[in-house]
Every structure is written in C-alpha cells, then in structure tokens.
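Some structures are shown below for you to check.
After this come two complexes, each holding chain A, first together with chain B and then together with chain C.
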Partner chain A sequence: MSNQLGLEATGVSKIFDTPTGTLLAVDNVSLKVPAGEFVSVIGPSGCGKSTLLRMFADLDGATSGNLSVADLPSNEARLQRKYAFVFQAPTLLPWKSVLKNVALPLKIMGTGKEEREKVAREMINLVGLEGFENRLPWQLSGGMQQRVSIARALTVRPPVLLMDEPFGALDEITRDKMNQELVNLRATQHQTVMFITHSIAEAVFLSDRVVVMSARPGRIIADIKIDLPEPRTAESRLHPNFSAHVTAIRGFLVDAYNAPQK
Partner chain B sequence: MKKETKVVFWFTRLAPPILAFSIFIGVWESYVYFKDLSVILLPSPHKVVGEFFSNFWQLNKFAKNTFFQATVGLVVATLLSVILAGATYSSRKISGMLENYSALAKALPTVAIYPICTVFFGIGTKAIVAIVTIGIFPIMFLYVLRGFAGVSEHDALMESLSAGRMHRFVDLVLPRSVSYLMAGLRASAPTAIIITIVAEYFGGEVTTLGAFIRRESSNLHTLRMWGAILAACVLGLSVFAGVSLMDRYFSKWRPAND
Partner chain C sequence: MSNEVLQASESTDLVASRVGAQSRLISIARSIIRGLTALVCVCLVWEAIRRGFHFSSITMPSAWSIWQKFFSRDSQGELFYIFLAKNILVTGRGAVFGLLLGAISGVTIGVLISTNRLFRRALLPLVISAQTVPIVAIAPAVVLFFGTGTLSKTVVAGFLTFFPAAVTTARGIQSVPVDSVNLMRTYNASWWTVLTTVKIPFALPLIFVGLETSAAFSVVGAIVAELPFGSKNGLGVVILASWQFYTIAPQSLYCTVIGTCLLGALIVAAIRIAARFSVGSRQHEF
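For the complex of A and B:
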C-alpha cells in the first residue's frame, strides 16, 4: 500500500485558447503524492492550482504530460470512481434533501435504495449532521452545506479526495472548525488528499506536504514537508514549527506574487 | 416589517390591476347607461354577470368540455417538447434547427390552419387537440430547451461522478429546468384555452364554449354570448391560477423569498 501512488503528474502543461490568443496556464508540472498523503497546493490567484486539480479529476484535459490517480490514468480513474471531488461551492442539488444529496453518488452507481440510505446516514453522522437528513440545502448554513458535500464525497469511500478550496467561502471561525473536522475525519478515512487553498495557515495545519506554485504560468517552486506532531489539534497552531512553516511558505508566496505574470 | 411588506405588496402588485379593471368596468357600465344601448348591441357588465349566474350550469358543462380539449392538447404539446428537447439538447445543431422552427412557428397564426386539421381528424375533439398541440408546441419547446441547455457547476459534479446520460437527465437536467417548464406552462395554458375556443368557434362539438358563442352570436342572443365570453375569461384565469399553484408546489425547494 505504501508503495502505491495516490496522485502523479509528469510534465503536465495546460494551454487555453482565448479570444486574444493562447494562454499557458500550467507549465511542465511534475508531482508525486504517495497513497495516504495530504498535500495542499497554494499559490497566487490564477496560477493554475484549480486547473491542475481539475486535470487530475479529468474535468479538464492536459495539453501535454500524463496524470494518474490511484495508479490509473485520470480518465480511467474518473470512470472507475477512484476519486471524489469537493468543489469550492457545495454544489448540492437544491431540490434534494440532505440525505438524497449524500446518497447521490451511490444512486448513480446503481446501489439499492436501502443500502445507499444506510451509508448516507453513516456519512451524515460522521460529519455531525444527524437530525438534518430531511432538510433542504437552503435550510442549512454555508458550513453545514459544505459538510454535506464532504459527506457526499465520502459515501463511495474513494481512495483519493480532490478538494478545490472547499472552505474558501466560510468565515474564519467556521473555517477553523471545518479544518479540525477534516483532520478528525482523515484520521478514520486515510484517503490521499489534494487540497487547494489560499490560506497558508490552513495548508500548514492540514497537510503532510505543501506545494507552492508560481504566478502564471503555474510551476512548482517549492515542495515543503510539514513537520508537526500528530494528532493535529488547535494547539498545533501554537507549535514553533507551525509558525516557521507559515513564514517559509509566505516567503515563497511573496516571491511568486512579485514575479511578473506571462 | 411583515405588515409593511404586505402593505407594499397590496399597493404595488394588487392595487394597480384591480384599479385598472374597476375603471374599465366603470367606463363600460357608464357608456351603456348614458348611450342607452340596446342589450342586443352591447349589454352592461352587471347584466353579463347576471346572465353568467343564471346560465351557470350550462356554461359550466361547456367550459368543462373546452377545458378538457385544451388540457389534452397542452399535455401532448408539453410531453412532445420534453421528449424532443431531451433528445436534442446536447446536440447544438439539431436543437438549433428545432429552435428556429419553433421561433418561426410561434409567430404564425396556427389557428388559421385549423381547417386543414379537420381534413385529417374531422370536426371535433381530435382536430381541436391537434391544433392546440400545433399551436402550443413551439412555445413550450423554446422554454423547455432553454431549461435543458442551461449549465451550472452541478454539471462538473455529475462529470466527476461519472454519471450516465439518463442519471444526468433525471437527477439534474429535468429538475433544474422545472422553473422554465412552469414559465412555459404559465405562458401556454391561457393560450391553449384561447386556441381551443377559437377552434371550437370555427367548428367544434356543440357542447363547447366556442361553439356556444358562435351559435348565440348568430342568433343575436348577445347577452347569452357575453355570458359565455365571461365563462371563457373565468376559465382562462382559473387555468392560470392552477398552473401558478403547480409552480408553487414544484418549487417548494426554493427559499421562500427566492
């Protein structure tokens, strides 16, 4: 298991066609994420972090290079449902209850109603939303909606979780709470996670590794192993290594922001 | 705050149409009274209302038949729109062709081809259902296609879940389009009633509102004709209210203030 790769990108580039010409969004990115590792990707706005994640998910195609998820080419991994994607917005179907939203991936996989509702209830309990099964998304707060979307992602027990700034729209306190819940969840689920964020503190708190990308075109300019005692708790933020990592990453990001964009 | 909202609602939404309608009735009543018009030429509104109630059960029976024909035509047109838009929305080329046809057909006075329908279906219910279907399909198709062709972040979700075409349609595309479908029905339902009554006027079963209006008009029973016209108006408004209630039911997942 430990020899398996959760995610791998080799020489990946992405060029977008725009009305004013071509735009190189991601430039020759190579990255290996062992199974079970939590990697955060951080970088200036528009540097191609989300594009890289979407290429892993086969939602966008790479212009060149290879991507694999759970040792499968990304398109095969999507078809075999080897990953779950958590979007920046909760993307809950507003006409479905919490229970039905969480059970959706299993419904699509053809699981019977009784079984999928049983699993969905387990996941709802796991994210602390028991009692809200029959609520509609608009009846929940932003944080609760995002918890539902995480529960939905966990229902198929995917080996890989791809998370695109899932807590970006939440206030600071809710975000810290969600970070702790994600840490607690991961302690029981053990997925490989790629997590896109703009928050240095969030990246350091959650991750085993933090990858820093340059301004457009996105390249990897730093790959930092996070050395913090486990399990991560609120006290982890007070550990001397925490502030050292934050300072180091901030330095790379300042350089990335100051570099001219192409 | 809630009370203020109700007051604002009354003055901005309800008061203007009620005022306009009252002025219209007032002018009509005064015109007939001061010009001393004969009831054969133009009956006053209060006489029309009196005739409506005195002939209520007969009008009710005719209105039911008219309603049935309009509803069947509307349902057939809606089902056809959903099936055709569902089959073509992912192909821009084919749906574009149907969209152009619908835009053109919407502009044509389809009821004028009613005599052709009678050649194929004879005079009666079948021909009327056919002409309502022909008249309503372009309206419904344009609304339904616009709904089906919509995109949102949920499409990426379905892609990431590797959902098949049928799951995407049933779990995402169809429910996402309900507001378009309901808007289409709100626009189409009163039109279906109008097409039905006009078609009945040109040749329908004797026990329908359109045929009754024609008969009473040619017999110079102007007051009875106006009673039937009032019944047609009540039917049109009832159908619109019914569709609005359906809209509320199917949109209950939306926030109350949305």
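For the complex of A and C:
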C-alpha cells in the first residue's frame, strides 16, 4: 500500500460574502482519505458538505487551509484532470447523443475520434446502457441519464471520483441498483471516492468510512469506519453491523440537527 | 434493458417516421388552407369596413381592385407582380445581407457582454443608446457614405438587426446551467471551448427567437435605406413612386405593402427552418 493520499484537507475554512453579511460555511475541517478508500459525507442540509466537495474540485476556493487531490494541490489536480466530478443533476448536453456526451471529456482532451468512441462505448456497456448510444438525453429516464453521467466521469479513468448526491433524485429501487453498480465498478478500478449523500443506508452500504458534519458552520463531528465484509452485495444490508452503523450515524446526525446553528 | 424492449422501441420509431412524413404533408396542406382562409377573412372585413363607413375608393380601395392591380400591365407591358417581384429581390438582397451582418455582430457583442464584466460596462450603454437613434435620420448619411446600392441597405438593416441579436444572445448565455459550465472547468477546458461547446449551443434557441425579431427589422431597414436620394430599384423606390400616385390610384401602395410583408414572412420562415434544423432535436417547447 503506497503512501499516496487520495484526498487531504488541512484546516480548511470557507467564508462566503453575501448581501446580508459574511457566512462561515465550512469551519476548520481536516480530513485524510487514503488512496482507494470510499468515504461518504453526510450532514444536515446547508452544512457545507457540497462546498467542501467543490473546494476539493477547485470549483470554489478555500478561504483558508489546504486541499490536495491525488497528492497535488486542488488547482493542480484540476489542471491535470486527476479527478472526475459527478453532479446532482446529470448535466448532459441535450443536443448530443449518449455516445457523444460520454466521449466529451476525451474530446476536450484532444483524443482522436475512433479512440474516444471506443472508450465511450466501453463505459456505456459498463453502466449497462449498451444499445442506447444514439439516443438523446430527453429520451432517457432520470436514472439512465445519471448512468450516462457516471460513464462520462469514468472515461478519463481518474484516480479520484467526487460525487455530489448523484442518486438523490432517483427512486429507492433504482438507487439500490445504482449503488450496486458503483460498488461493482470500483471493484476493478479502486478509485478514491468522496460521496455526498443524505441517505444513511446508502452511505453505510457504499463506504469504507462515513464522515458526519455538523450543521452550518460545517465541522466534522464523527468519523466512523464501516465494518462490513467485502465485496458489498445485497446481503450486506442484512449483516448485523449494517443496522448498528446506521443507528450510530443516525444518532450523530440527530445531534448535528439539534445543535445550535450560527 | 432487454433486447425485446429495444426492438419494440426501434420498430415504433420506424412506424413513427413513416406516419411522420404523411402527417407532415397533411399539416403543410392544412396550414396553406388556413392561410388562404385568413386572407379571405381579411378581405371580407376590409370590404365590410369600406362599405359600412362609405369610404371613397381613393381613401380605401376595394380588395378586388387591389387584387386586380397585381395583374395589370404598365407602359412597357410588364405585369405588376413581376415588377414587384424584381424589386422584392433587390430589397431582399440588402435585407438578408443586413440580417447576416446584424446577426454576426449582434451575437459577437452579446457574447462579449455576457462573458466579460469590462465589456459589459463598456458596450452595454453604447448598444442601448444605439437602439434609440432614429433610423430615418441617419439613413441619408449612410447613403451619402455608402452610395445607393446594396451596401447602404446592408448597413442600415444591420444596424437595426444587431440589437435583438445581441440582447437575446446575452440573455441566452446567462441562462446556461451553472453546473454545465462547472463541468467544463473540471476538464480544464479553455474559455473558447466552453463558449463553443456549451454556452452558445445552450443559447441558440433564444438567439433564433431574437433573429426572428431581427428579420422584420431587416426589411424595414433595407427599405428605409432606399428612400433618400433616389435609388433606382427596390421596394422603397416603388413606395416612393406609389406615394406620388396615391391620390389617383392608391392600389399600387397596398400591393407594395403586401409584397413587403411577403418578403418579411419569407425571411422569418427561413430562420424558423434554420432553427428547427439546428435545435429541433432538443425537444424544446416554443
């Protein structure tokens, strides 16, 4: 196991300037995620977890503190494309087919047409959408669109995946299926993943570790190692540790919600 | 998804396209019939007002006399509608070139205004005040500068058309979903790539709406440029000539107006077709 860190945050804070004054969104957060680990971040709405993720992605700058992705400062990591970001909404380009949407990052990086379509088809098959290459986004359901979004994220084979509630808009059964697919995808490529979610069960199922954040200003109030057998399957949800972890995390979340907000 | 469901949806696509071709012809036929019916209704209302208020045939000529005028021959034996068509082409050339000029400069300015704060502060006041300049006042200056040919028509038409194009482009680019732009940032895409891959394509439906507005202005602009200093050809010239005969035979003015409307409608239709061609696949509701 190398010393490489998948993600690291050191003393990170974020202050927003709003018309009504300054807003402390993230308060002195430090986090170390070893390479290959899957960490979920869960917390009350508005607690700064999305902000933290966006700071890792260099989509927002930190007011203080340092963030690194794959052992590079976050802005370097963005320039060198060390991560892929999956948004809450599929953010597909509505005028491009599924194939062209999935091949988009490779096109921007300058990969030739044949090569990038080959990789795109591979990823489309991987997420179970073979046969849909020439469909347009409006012809697909929400779950399928999100699968396209994930296929697109995987085409550059990034060492790090940053995912902001990607399955939040999906129904329960589709969500469970997508969770299983994500687990299966990682089995071969072992990306480092930071995953934001509101679902405790989803967090426990997917992760090696679950981090709970307090209400705004966001601080880490719990960091729980998930003790479940690998590989995760539908049976994992029936394991006794599963409900124990869910109960423990729920306890922390209730505290987070009840704590006084600034 | 299973193969059977995939095959089922493919065969419905084939059926849909065959039915689609038939229903397209039917819908074209329907809209032609609707247009003709509307025309007849307008004529009936016209006649009703004319007879009801007892307007003289100079103030308000009968619809039939206007229709007849199209088929009358002048001193050289040329049919009026042929004469009109030639002038429509002359004016139309200026209108179309003006529309292209206005569209290109408008879209460029719209892009600059919406992507760069410095440009917005510098250009927006100029754009807005340019719009309030009375075009009839500056047209003679333009004709003095550029002559009486297609160029001055293009300039005046372009001047009128660039504002809707600029404003709708700026609005369209501002309405691009933020996360689509953020997605491009995660790929470290250049500002040009972001502009051409995401921003302009998202803004295209709105830009086409602006161009439809511009289309009407382009015809007006081209005609206004023909009014000063005696151009030889064009709808503006025909209108000037019609004014001279208006107290004797007003029909030619009405015919010319109808011809002008036709030109405008053709240009708007061309833009709609271009719009359907480029953004039609997106299933936008317009």
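By our rule, the second predicted complex is superposed on the first by the 261 of 262 C-alpha atoms of A that agree within 3 Å, B and C clash if a C-alpha of one lies under 4 Å from a C-alpha of the other, contacts with A are read in each partner's own complex, and residues count from 1 in each chain.
What we mean here is this: a contact is a pair of C-beta atoms (placed from the backbone, for glycine too) under 8 Å apart; a residue touches a chain by one contact, two chains touch by 3 or more.
Bear in mind that the values here come from a model prediction, so they are computed numbers and not experimental data.
Q: So, on chain A, is it clash or fit between chain B and chain C?
A: Clash.
Q: Using the touch definition from the top, say if A:187 reaches chain B (first), chain C (second), both or neither.
A: After superposing on A, A:187 lies clear of both chain B and chain C.
Q: State whether A:244 touches chain B only (first), chain C only (second), both chains, or neither.
A: In the superposed model, A:244 contacts neither chain B nor chain C.
Q: Report for A:93: first if it touches chain B alone, second if chain C alone, otherwise both or neither.
A: In the superposed model, A:93 contacts both chain B and chain C.
Q: Give one of first, second, both or neither to describe whether A:254 is in contact with chain B, with chain C, with both, or with none.
A: The answer is neither, since A:254 touches no partner chain.
Q: Quick check on the superposed pair: does A:234 touch chain B, chain C, both, or neither? Answer first, second, both or neither.
A: After superposition on chain A, A:234 lies in contact with neither partner.
Q: State whether A:138 touches chain B only (first), chain C only (second), both chains, or neither.
A: In the superposed model, A:138 contacts both chain B and chain C.
Q: Look at A:108 in the shared chain and tell me whether it touches chain B only, chain C only, both, or neither; answer first, second, both or neither.
A: Both partners, chain B and chain C.
Q: Go through the superposed model and pick first if A:78 touches only chain B, second if only chain C, both, or neither.
A: both
Q: Just one of 9-17, 27-35 or 135-143 in chain C runs into chain B once the structures are overlaid; which is it?
A: Stretch 135-143 of chain C has C-alpha atoms clashing with chain B.
Q: Give me the intersection of chain A's contacts with chain B and its contacts with chain C, in residue numbers.
A: Touching chain B and chain C on chain A: residues 57-59, 78-79, 81, 83-85, 87, 89, 91, 93-95, 104-105, 108, 136, 138.
Q: Over in the complex, which chain C residues touch chain A? Could you list them?
A: Residue list for chain C touching chain A: 1, 3, 6, 177, 179-180, 182-189, 193, 197-198, 201, 279, 281-283.
Q: Sort out for me which residues of chain A touch chain B in the complex.
A: Chain A residues touching chain B: 54, 57-59, 78-79, 81, 83-85, 87, 89, 91, 93-96, 104-105, 107-108, 136, 138.
Q: Hey, which residues of chain B end up touching chain A in the complex?
A: Spelled out, the residues of chain B in touch with chain A are 153-154, 156-157, 159-164, 167, 171-172, 175, 178, 253-255, 258.
Q: Along chain A, where are the residues that touch chain C in the complex?
A: Listed in rising order, the residues are 57-59, 78-79, 81, 83-85, 87-89, 91, 93-95, 104-105, 108-109, 131-132, 136, 138.
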